[in-house]
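The structures come next, written out as structure tokens.
One chain, chain A, links the two complexes that follow: it is found with chain B in the first and with chain C in the second.
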Partner chain A sequence: MTDLILQSLYSGILQGGLYALIGLGLALVFGTMNVINFAHGELVLLAAYMAYMVEAHLGVNPIFAIPVALVLVCLCSALIYGLLSLVRVDRELNSLILTYGVAVILTNAILFIWSADPHSTGSDWLQGAVVFGPLFSMRGQVLFFIVAVILLAGLWWWLSRSWYGRALRAVSSNRAAAQLMGINPRATEIISFLIAGILASFAGVAIFSYQVIQPASGESLTIKAFIITVLAGMGSIPGVLIGGILLGLAEALTATLGSSAWQELVGMVLFLLVLFFMPNGLFGVKARRG
Partner chain B sequence: MRSSKSSALKWLALGVVLYGVVPWLLGDSYVMSLTVAAMVIGGIALAWSLLSNLGGMLSFGHSAFFGVGAYVSALLTMRAGVGVLPAMLMGGVGAVVASVAMLPVLRLRGVYFALAILAYSVIFRVLATQWESVTGGSAGLASIPTFPRVLGMDLASRRGSYLLILTLLILFALVYRYIRASHYGMALRAMHGSEDATRVVGVNSILLKALMLFTSAFMTGVIGAYNAHEINFLNPDYAFDGIWVILPVVAAIFGGYRTITGPVVGAVVVYLVDQLIFKSLIPVGHQLILGALLVAMIIYSPGGLVPLVSKKFFAGASSPRP
Partner chain C sequence: MIKEMGKLCAWTAAAAFCLQMGVAVAAEIPVGVELPLTGHFAKQGLGQLRGIKIAVQAFNQASGGKDTIKLITIDNESQPAKSVAAVEKLISEGVVAITGGYGSNVVGPAAQAADKLKIPYVSSGAIADSLTRQGMKYYFQILNTEGYSVPVVKLIDTLKIKSVSTVYSTAESTSQLAKSTEKDLAAAGVKVMMHAFEPSTTDFTPIINKVRLQDRPDAILMVGYQNDEIGIMRAAKVLKPKIKTLIGTYEVTVPEMVNDNADLAQNVFGLSLLSFPAEFPTPDGKVFAKIHEDLFKGQDFSYIEEYGYAGAKVLFDAIQRVSAAGGKPTPDNLRAELGKTDVDTVLGHIRFNGDGLNTEYMQHIGQIQGKKVVIVWPDNLATGKMVYPGLPW
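Right, the complex of A and B next:
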């Protein structure tokens, strides 16, 4: 039993790295534009399907899909930004409905192009076992956990040290003051969308490398990303990583101790509990009550 | 005086068309069953826009109310022998009870509210799947009783079920109109301007929002129950499907969510065009066009198309009013 629990803790942490990648993209855009990009999960899924295409048609390791995914997903992400900047009235709610519309478009486009069949990788290399003592995982899992941590650390460094990174944080903490200091908020907004696209590309390829993908999974990815944003609170990258790992752990433990059918439930319950009892998240500062 | 007389005549004509001409023209055809399905969407769209227009709350989780209403009503008729029509009302009540669990959400701002409601909808779907002894699990419930005969009219026929949903929608629209015109409506309008300022003058804004949530949940629950008895089949993935949110949102935005009739008209137009045209063009993934429509509407005409058109016919009757 302890072995089982240890194993599920281990897989939960690995899964959490992936969740953090997805969550951070959503959180960055939310921070700079105060818009939840409801199509974020679909962007991740799009990258996953790119990985599937590259594997199925070129017969190479899906990791090589990352450049293709980067181009396509960042393009889509920029396009969403372009559409959002056209919204004039009632921005908060209309932006949400707009990205919801984009999510519907992407889900159905994926359904149209690749049909509803689930897909997973056939690469032996990615699915090969990596064993640490009693702990088992697939090579893809470990690889992309490391990639996730490197990306998060790099982004953390960039946000806290570089000029653009600091501009981005300035805009999300006080837009008007940042503008007075000579920061162009539009530039930071588009950068945050592009970074979200980059993170989504890596996350998508990661998902395909050790999980099953299907057109319907985009929405649940968006919800998970939002759960992590809520758990982490605004403006904390280590918070996002911990939030992602918490969600991963909660899901893995539920699957081991209860049944995998309850796995979906636990994230939602965690999300609602944090919203109700810790409205600023575990590490955040901003209020979200009305 | 003359204008109110002529507008009364117009409403009468509309009544004759809806209750007489449409069922006579469409009969028991395929288009009639599509129309009924479109009106189901219209009912949810009406309830959805009541919450977003009057309550100022955007919901992505109305499938929660739809599914709960459907399950409560279906189970009451199948397990407890309750008549179909009273069970449908109880379905609405069941959705209200479900929405009581959501009351903590009312304190949250827009985005958080929208996604918290969605989380509830997922939770209800998982519960409906897992609570097998009552709900029949993922296999679902089959042969749910259909509508009875009322006053010699067989409500189970296509024409009868059309008349039933039409009557439900008209009742809902009247309730909506009554709330909007009442002093609650005025307080809700004031809350749009500034919720804090409204609270300062002594309006219990949380209570008002809760009432709007209950009303919207009740309507959606009754519609869900109607649909369950209409198609006689239910399973969790169907009852809590995201489609019960996507279509009503598109319909409400298309028709104008700040009007009463707009969402219903929008639903009929959007659904029929989707089923008759888009579906034959793109068999799988035809909702792509609906998503594009939603995006285009938000950018170019967030107030909806129907208000623009109907202004010419019903002068002022359905002009946008929060």
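Right, the complex of A and C next:
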């Protein structure tokens, strides 16, 4: 039983790292602009398909797709920002509709270009087993967990130490006041979209490296990202990592101690409990002040 | 002037007569298709649509231009509510019958809607037998649960496997198949351990670890779709449980798996009607293969296409019989003709019972060996010998 629980915790942590990577981009944009980007999952998926293209056509490890994915996904992210900036009235609601529309277009474009067949990496290196005593995982899982932690730490450092990071946080807490301080809110907003694109690129390549992709996967990725954003609370980078890991652990432990069929349910119950008892999230602004 | 007018009238009347004759001679019969062309079942829906197009081509060629089928296709987006809307829209456009549908939970509401509006619906992508026990009079189902569970049970019996861990998706058709197999295996004295998972599950490590440490079975039976099965096989390859074989159900022994994941799925068994590279010994199979080559040159064959083809063929045969008897296809006479179906198709023989269920459907068992899918059961259709014990690692 101990081995079972240990493996479950290990799998949950690794899965949580990926969830955090997926969720952080959405959380960042939400924090800066109060916009839920419903196309975020599709951006992650687009990066995953770039990894598939690079592996299928060039025959190289999908990790080498990261530069290609970065260019394409950041471009798409900037385009979404361009569209959002045209919204002048009722921004929160209209941006939901707009990004949902973009998500539908992206899903169908992916379906049209790459067909509906599921794809996953054929790389033996990424699928190879990494064993630490009683703990088993794929090499790709460990690699991208480390990448996720590094990216999250880097982003946390950038947000708290750099001028642009502070500007972004300032816009996030009070757009008008930040503007009075000489910060260009549009510049910081587009930076947050580009960073979300960078994070989505890494998350997409990670997903292709040890999971299966198909055109309909984008929606569930967005939902996961949204749950993590709510769990973490606005403006907390460590909160996103902890929220992701919490969700990963809850799912893995449910599968081990109960049934995998309850995984989604447990994730949703966790989400509702946090909403009910801590509306600002586990590490939201109010909680941190308190 | 009056003479010119008279000529014009005569020409107009002649043209109208010819047109009318034309309509009488070559009728265009509108048939509805509702399929998941986007969403989670898009892969299957698009495959079925290719099969239906092959059946249309076969029908139109055979009729020699007398009657032609006009397809009206609507995407149900893999959603039950959208499938109902699709059926209602198709009926409002005057279709005489509907074919298609994938996934029992999506087909069910669509079939109910068609039945309520008294339009025949031939499903080639639902396997839950329960759909045919809901008192619908206009619903006909090509596939059935036994057609999937019996080959799996026979394989396990042939291999003398004593215990099985079934890892299955909670989707309607997969859970029904898993439970049906569990019942049959238990009756045959095989110990069965069941592990359900949500269709959105991506990490199967915790489940396979339970199988490895707690169940310790002779075999793992995977009842899910291709993306699930890839996830299960990956987790198994990492954890290496001490089993003798892995058995899949849907979409394991298919060309995409051989082309993209042959190493991962090496020696894995799966349900399959086709070997790979595909061979078509039956007359209907040869027709299917010929038109497939004409329409979709260079694309691999898939049994999903055969489903779409067989469902449409059964419907078009009924239309042809009505026309041959001098009638005009209507929902009621088509329903009556569908009930009399008794035909050999690329899927095997098709005959419906009183509930509209094709009781003759039976899958085969294939095994991925190298870069091929070898049919290993039933013996009379086997294209090679099975490898057992055999694992991908």
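Here is the rule we go by: the second predicted complex is superposed on the first by the 285 of 290 C-alpha atoms of A that agree within 3 Å, B and C clash if a C-alpha of one lies under 4 Å from a C-alpha of the other, contacts with A are read in each partner's own complex, and residues count from 1 in each chain.
Here, a residue touches a chain if its C-beta (ideal position, glycine included) is under 8 Å from a C-beta of that chain, and two chains touch if they have at least 3 such contacts.
Computed from a prediction, not measured in an experiment: that's the story for all the values here.
K.L.:
With the two structures overlaid on chain A, would chain B and chain C clash, or do they fit side by side?
P.N.:
On the shared chain A, the partners clash.
K.L.:
Check the residue A:A176 against both partner chains and state whether it touches chain B (first), chain C (second), both, or neither.
P.N.:
neither
K.L.:
On the A-aligned overlay, A:E92 touches which partner chain: chain B = first, chain C = second, or both, or neither?
P.N.:
A:E92 sits against chain B, while chain C stays out of touch.
K.L.:
Using the superposition on chain A described above, determine whether A:F136 touches chain B (first), chain C (second), both, or neither.
P.N.:
second
K.L.:
Contact-wise, after the overlay, does A:F226 reach chain B, chain C, both or neither (first, second, both, neither)?
P.N.:
It touches chain B, and chain C stays clear.
K.L.:
So in the superposed three-chain picture, is A:L111 touching just chain B, just chain C, both, or none of them (first/second/both/neither)?
P.N.:
A:L111 sits against chain B and chain C alike.
K.L.:
For A:E264, select first, second, both or neither according to whether it touches chain B, chain C, the two together, or no partner.
P.N.:
both
K.L.:
A:A255 contacts which: chain B (first), chain C (second), both, neither?
P.N.:
Only chain C is touched by A:A255; chain B is not.
K.L.:
What is the contact status of A:L83 with respect to chain B (first) and chain C (second): first, second, both, or neither?
P.N.:
A:L83 contacts chain B only, not chain C.
K.L.:
Taking the superposition on A as described, I'd like to know which of chain B and chain C A:I36 touches: first, second, both or neither.
P.N.:
first
K.L.:
Would you find which stretch of chain B runs into chain C in the superposed arrangement, from 6-14, 24-32 or 294-302?
P.N.:
The stretch that clashes with chain C is 24-32.
K.L.:
Identify the overlap between the chain B-contacting and the chain C-contacting residues of chain A.
P.N.:
The answer is residues 107-108, 111, 115-116, 220, 261-262, 264 of chain A.
K.L.:
Across the complex, what residues on chain A touch chain C?
P.N.:
The touching residues are 3-4, 7-8, 11-12, 15, 107-108, 111, 115-120, 122, 124, 127, 129, 136-138, 210-212, 214-216, 220, 251-252, 255-256, 259-264.
K.L.:
In the complex formed with chain A, which residues of chain B make contact?
P.N.:
52, 58, 60, 104-105, 107-116, 118-120, 122-123, 126-127, 129-130, 195, 242, 246, 249-250, 253, 282, 284-288, 290-295, 298-299, 302
K.L.:
Can you list the chain A residues touching chain B in their complex?
P.N.:
Going through chain A, the ones touching chain B are 30, 36, 83, 86-87, 89-90, 92-94, 96-98, 100-112, 115-116, 219-220, 223, 226, 230, 261-262, 264-265, 268-269, 271-272, 275-276, 279, 288-290.
K.L.:
Going by the contact rule set out above, which residues of chain C touch chain A in the complex?
P.N.:
38-40, 42-46, 78, 170, 195-198, 200-203, 205-207, 209-210, 213-214, 226-227, 230-231, 234, 237-240, 256, 260-261, 263-264
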